[in-house]
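Alright, structures below, take your time with them.
Next, two complexes with chain A in common: one pairs it with chain B, the other with chain C.
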Partner chain A sequence: MRREPAHGLAQHLPVIFPGLMLTVFFIVPFGTMVLVSFFRRQQGGFYVPDFVLANYARFLTPFFGNVLAFSLYLAIAVAVVSLIVAVPFTYLIARSRRQTQVIWLVALLSILSLSEVIIGFAWSTLLSRTAGITNLLVRVGLMDAPKALVPGFGAVLTGMVYQAMPYAVLVLYPSMVRLDPTLTEAARTLGASPLKAFFTVVLPALRTTLIATLIMAFIFALGSYLLPQILGRPSHWTLSVLITDQALYQSNMPFAAAMAVFLVLVSLALVTLTMFVGKKLEA
Partner chain B sequence: MSGLVLKGVSREFGPVKAVNDVDLEVPNGRFVCLLGPSGCGKTTLLRMIAGLDVPTAGSISIDGEDITRLPTHKRNLGMVFQSLALFPHLTVGGNIAYALRIRGLSREEQAHRVEELLALVHLPGYADRAVSKLSGGQRQRVAIARALAVSPRLFLLDEPLSALDAKLREAMQVELRQLQQQLGITTIVVTHDQREAMTMADTVIVMQGGEIRQAASPVEIYRKPADTFVADFIGSTNLIDIARDGDHVTLLGRQTSVAMPYGVSKATLSVRPEDVELTAPTEDLPEAKITFVRDLGGAIEFFLDAGGTQVIAVTSPRARPEVAIGDRVGLRLDPARSVVLTR
Partner chain C sequence: MTKLTDITVSRRALLAAGATGAAVLAMPNVLRAQDRSLKVGAYGGYFKDSFDKNVFPEFTKATGIAVESVAEPTGEAWLVQLQQAANAGQAPADVSMISQTSMLKGQATELWAPLDAAKIKNLDALIPAFVNKYPDGRIAGIGAVAWYVTLVSNTDVYKEAPTSWAYLWDASNADKLGLMALVSNSFLLEVTAKTFFGGTNALDTEEGILKAFDKLAELKGNVRLWYRDEAQFEQALKSGEIPMGQYYHDVTGLAIADGFPVRSTFPKEGGILDSGCWALSKASKKVEEAHLFIDFMSQPSIQALVTRKVGTAPTVKRSLTDLTDAEFAAASSEIDPIIPRYDMQVEKADWLNEKWTELIVG
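Up next is the complex of A and B:
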């Protein structure tokens, strides 16, 4: 279908408002950040307009390199684990009765109403030595003595997967519900066990959605900065933690901005790569 | 007994009996159509034969082997679904080779068999096409080829042609029948289209309310329906009440030579429209008034009112009587070509 190009102010009106919002709340702040990342820092927490690359140069040290690598590693781990947990979960609720679906989805989405702080402290209690789940395992006889599971990488991963799961399910659910159930039945009549049918038909047919979920969970996890501090050791702190530290406590805005820009660029590159790989798989 | 045998098969969904105590025998190499209106249990019956649904009672066996609870993927069957259920992420070749890949055949063997099957369904050289780029009829052929990939024991089709337009559907019916005879494979098709069933099947099984009403050859189903439901469902028919009156039987207020079974006082006579002959009104034949004439070119239908009962007569253009709407005519019903139904 061909559409006439829009003429005059009246026809452009519907896009003006979102366009304005996008400019004011996204393009302007991001542009400012890019500018600031080239400014020169002055002692006492101020900065002057300039064009220096020192902020980026400072970033290329082993310390920050390691933090960046860990941040990416954590985000990828969260994305992959969320996907592995969310896919079977969503598949099962998508195949159940409508009423059951609603109950599960409401329960899951209620996680979104919890603040990150509450989630963090709830998990740190759950994984602690004095009041944690290891006490239950000791009761049952699976462990000898209660153990602290927090702080640690496992605790950070658990908390962040817990947080990312509802989003992953939200992205997966519509496609899973729409997937023709006779596809699995057809695979079964052709000799595939239900499990084999799931891996050879359901997952490949949902490939695009799976990649979208992965990217979404990855970006979500990349921005996390509270949970690594509550549930992890300093070695588990992400780049976002360092950016906050530089911006708020060290008052080094140009350096914080440079790190933020770098983080955006790296994640954009990773997302592009993932989509490229997805396209390759499709061909 | 060799072939597919169903004994007392029932399937209940809560209080609803979708299939009720069905006995059925399909000898090997036979083409069977399950025919009935929607909700008659024919698809449920097919799904139980496929193992996609489990009977609540009864047993299913093939060549003497009980398969009632055997999982679908171990039954070695080919099935064509109403939605076709072609895998969207695979090419035509990938779809057809799926069953072979699952069974671990080598790539060369797969490619060879795919070409063979594509030739069989008249789509040579289509292996690398995307499924989404095919027309309805081509998808249909791919679905059939995929189902036949491993030379299954049973070939099951659930309303396979319902998505096609009328002309293509008729062509595919003939093609499907020829394919089945060429391969000699036991085939069960579910359909609600009686023309489709008559075209393809050795045996037509008419179902209603989860039960089999009649199982017979297409001609027999048409000529000797077992009850009024079958008579009415297969083709069109005139169902006329007849009654015993003393020593003779009355039909539309006149005596008739139609014989009624002993001990029955009321029954229904089923006469096909083409077996109703229009004559000049006489004393001993039922009389009717013409209310409407539908001239379809190849056939002419007369709608008649015989004392409150509607009767339809069909003639060919060559045998067309010189009558018009409002004329009074006599009805000659051939007793040899009509059936007395007591149910």
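Up next is the complex of A and C:
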């Protein structure tokens, strides 16, 4: 069946609405941000419309370079760990009984109803010396004395993976459920072990979904600014934390906007690269 | 013909009457006093709750003006919101509680409507430092509350109270401290200058400031938490997870009253004395009510009430209030305080922020 091109307003309407929403809620705010990033900062005041590159120049220092590199590293780590945890988990859910699936999915979705603040405080208590899980380890004799696991990189990573996991599972689940079970059966009949079948048949069949999950978790982690503050040391603060500092506490909107534009560009480049590599693999 | 004219006249009369009616409704002073209201911004949480419960009702009782309180965030977020709203001719709050650095920044854009000294009868009762003025002498804001940031510790972990800010640098405190994360709210440069370099005048020059930064760098290894969120540190201090740091004297007092093992100490170099002003947005149309409000809040009896109920230090001269020694000591101290260098904080804001961020993050 060949699709006829749309004619007239009535047939274009379904496209106009999302287009309008995209313009109002994405293009206009993003355009404003790009515009403000070139405005001139007035110290002690706000900003005046202008075209200066000082905001970008201030950003291009080894210090901010390091912060950007750490932010990307953290986001990649969160994406990879989320994927490693979510894939076997979703695979097991997808192959279990309907009722079990529902229970697991509802439990997972309920994480989404928690605010970032609550997640941060809960983990900082769980990982603390005075009330944390190390006390349990001491009780069962695995450790000599309770130890603080927060603040630290491990704590930040744990909190952020916890937060990104439900999203990863939600992206993976539909493909996993739809995956033809005869594929693995065929592999097993031909003599592959369950593990080998999983790695050589299931994962390659889901390649596109896996890349989509990776990108989503990456973008999600890149924007996080609360958990690195609550669970990390200053060296674990992401660029988003510094952007918030500039925007809210220093009222330096132009500099905050310049950093944000830079962050968007870098993440777009990385996403494009990932998709390109994904296409290459498929070919 | 005459008939037509008649109709025209009556129609005009009707329009005129309507316009007058609308004008009458629009003029607040024509309405009954009970219908007058004022939107007041106060720091959300403990401050706003205490004012809502203990102070604002007194004002309504005395003047008939209803107070609609608005929770404002601390830091500069509120200043940014007020400024952007004022540019659009809006006032999210008529009168707001504003920090000293935000007062100076708002002055730069004339955000604060100048206050009329003649309408504030209690002006003389105020401590002069708490009357915030534009460079040309117009009054930009009037001291609302003053509070101390002191050296706090967990009494289970530290049996003896520390006596000096210098103790923060002690090698035995490695990874034990909680300090505020911003140069503009921790005032640690000022603390360092007063503790080690003879006073905050040491920060007059950039060399002096850099020397203070170097001294602060030595402190870094002792700090476990650089906090933006007060609740995070308070929680850790009470449990002993982070047993020492800088925190608000008033809120620590409440924690002590609740039985937590914490103490607040005024070090011999003094506590950090910070304060907030009542300031009127230039976009506000309730100028009359705002003056009544600010004057009411500046009465010694109301300042004493605020000290008793909210736990902040009075902004009027102590001798004018009926505060007992114990009541005064609960909120304040006779030790010469460390007054933040607001001028430096505003003039060198970007440079300080950059150095500070590099110090604690790098």
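Note that the second predicted complex is superposed on the first by the 266 of 283 C-alpha atoms of A that agree within 3 Å, B and C clash if a C-alpha of one lies under 4 Å from a C-alpha of the other, contacts with A are read in each partner's own complex, and residues count from 1 in each chain.
Everything that follows uses one rule, which is that a contact is a pair of C-beta atoms (placed from the backbone, for glycine too) under 8 Å apart; a residue touches a chain by one contact, two chains touch by 3 or more.
Quantities reported herein were computed from a predicted structural model and do not represent experimental measurements.
Asks: Based on the shared chain A superposition, would you classify chain B and chain C as clashing or fitting together?
Replies: fit
Asks: Looking at A:46, would you say it contacts chain B, chain C, both, or neither? Reply first, second, both or neither.
Replies: After superposition on chain A, A:46 lies in contact with chain C alone.
Asks: Would you check which partner chain A:67 touches, where first means chain B only, second means chain C only, and both and neither mean what they say?
Replies: second
Asks: Output check: A:191 vs chain B and chain C. Expected answer is one of first, second, both, neither. What do you get?
Replies: first
Asks: Based on the superposed arrangement, let me know which partner A:200 touches: chain B (first), chain C (second), both, or neither?
Replies: first
Asks: Scan A:248 for contacts with chain B and chain C and give back first, second, both or neither.
Replies: Only chain C; A:248 stays clear of chain B.
Asks: After the fit on chain A, how big is the angle at chain A between chain B and chain C, using C-alpha centres and going to the nearest 10 degrees?
Replies: About 150 degrees between chain B and chain C, seen from chain A.
Asks: Is it chain B or chain C that touches the larger share of residues in chain A?
Replies: Chain A has more residues touched by C than by the other partner.
Asks: Minimum Cα separation, chain B versus chain C, post-superposition (Å)?
Replies: Checking C-alpha atoms only, chain B sits 46 Å from chain C at its nearest point.
Asks: Given the complex with chain A, which residues does chain B contribute to the contact?
Replies: 50-52, 71-73, 75-79, 81-83, 85, 87-90, 98-99, 101-103, 146-147, 149-150, 156
Asks: In the complex formed with chain C, which residues of chain A make contact?
Replies: Residues 41-46, 63, 66-67, 121, 124, 128-131, 148, 151, 229-230, 233-235, 237, 242, 245, 247-253 of chain A touch chain C in their complex.
Asks: Touching chain A in the complex: which residues of chain C?
Replies: Interface residues on chain C, with respect to chain A: 75-77, 79-80, 83, 104-105, 108-109, 181-182, 184, 224-226, 228-229, 232, 235-236, 239-241, 346-347, 349-350, 353, 357-358, 360-362.
Asks: Flag every residue of chain A that touches chain B in the complex, lowest number first.
Replies: 180, 182-183, 185-194, 196-197, 200-201, 204-205, 207, 282
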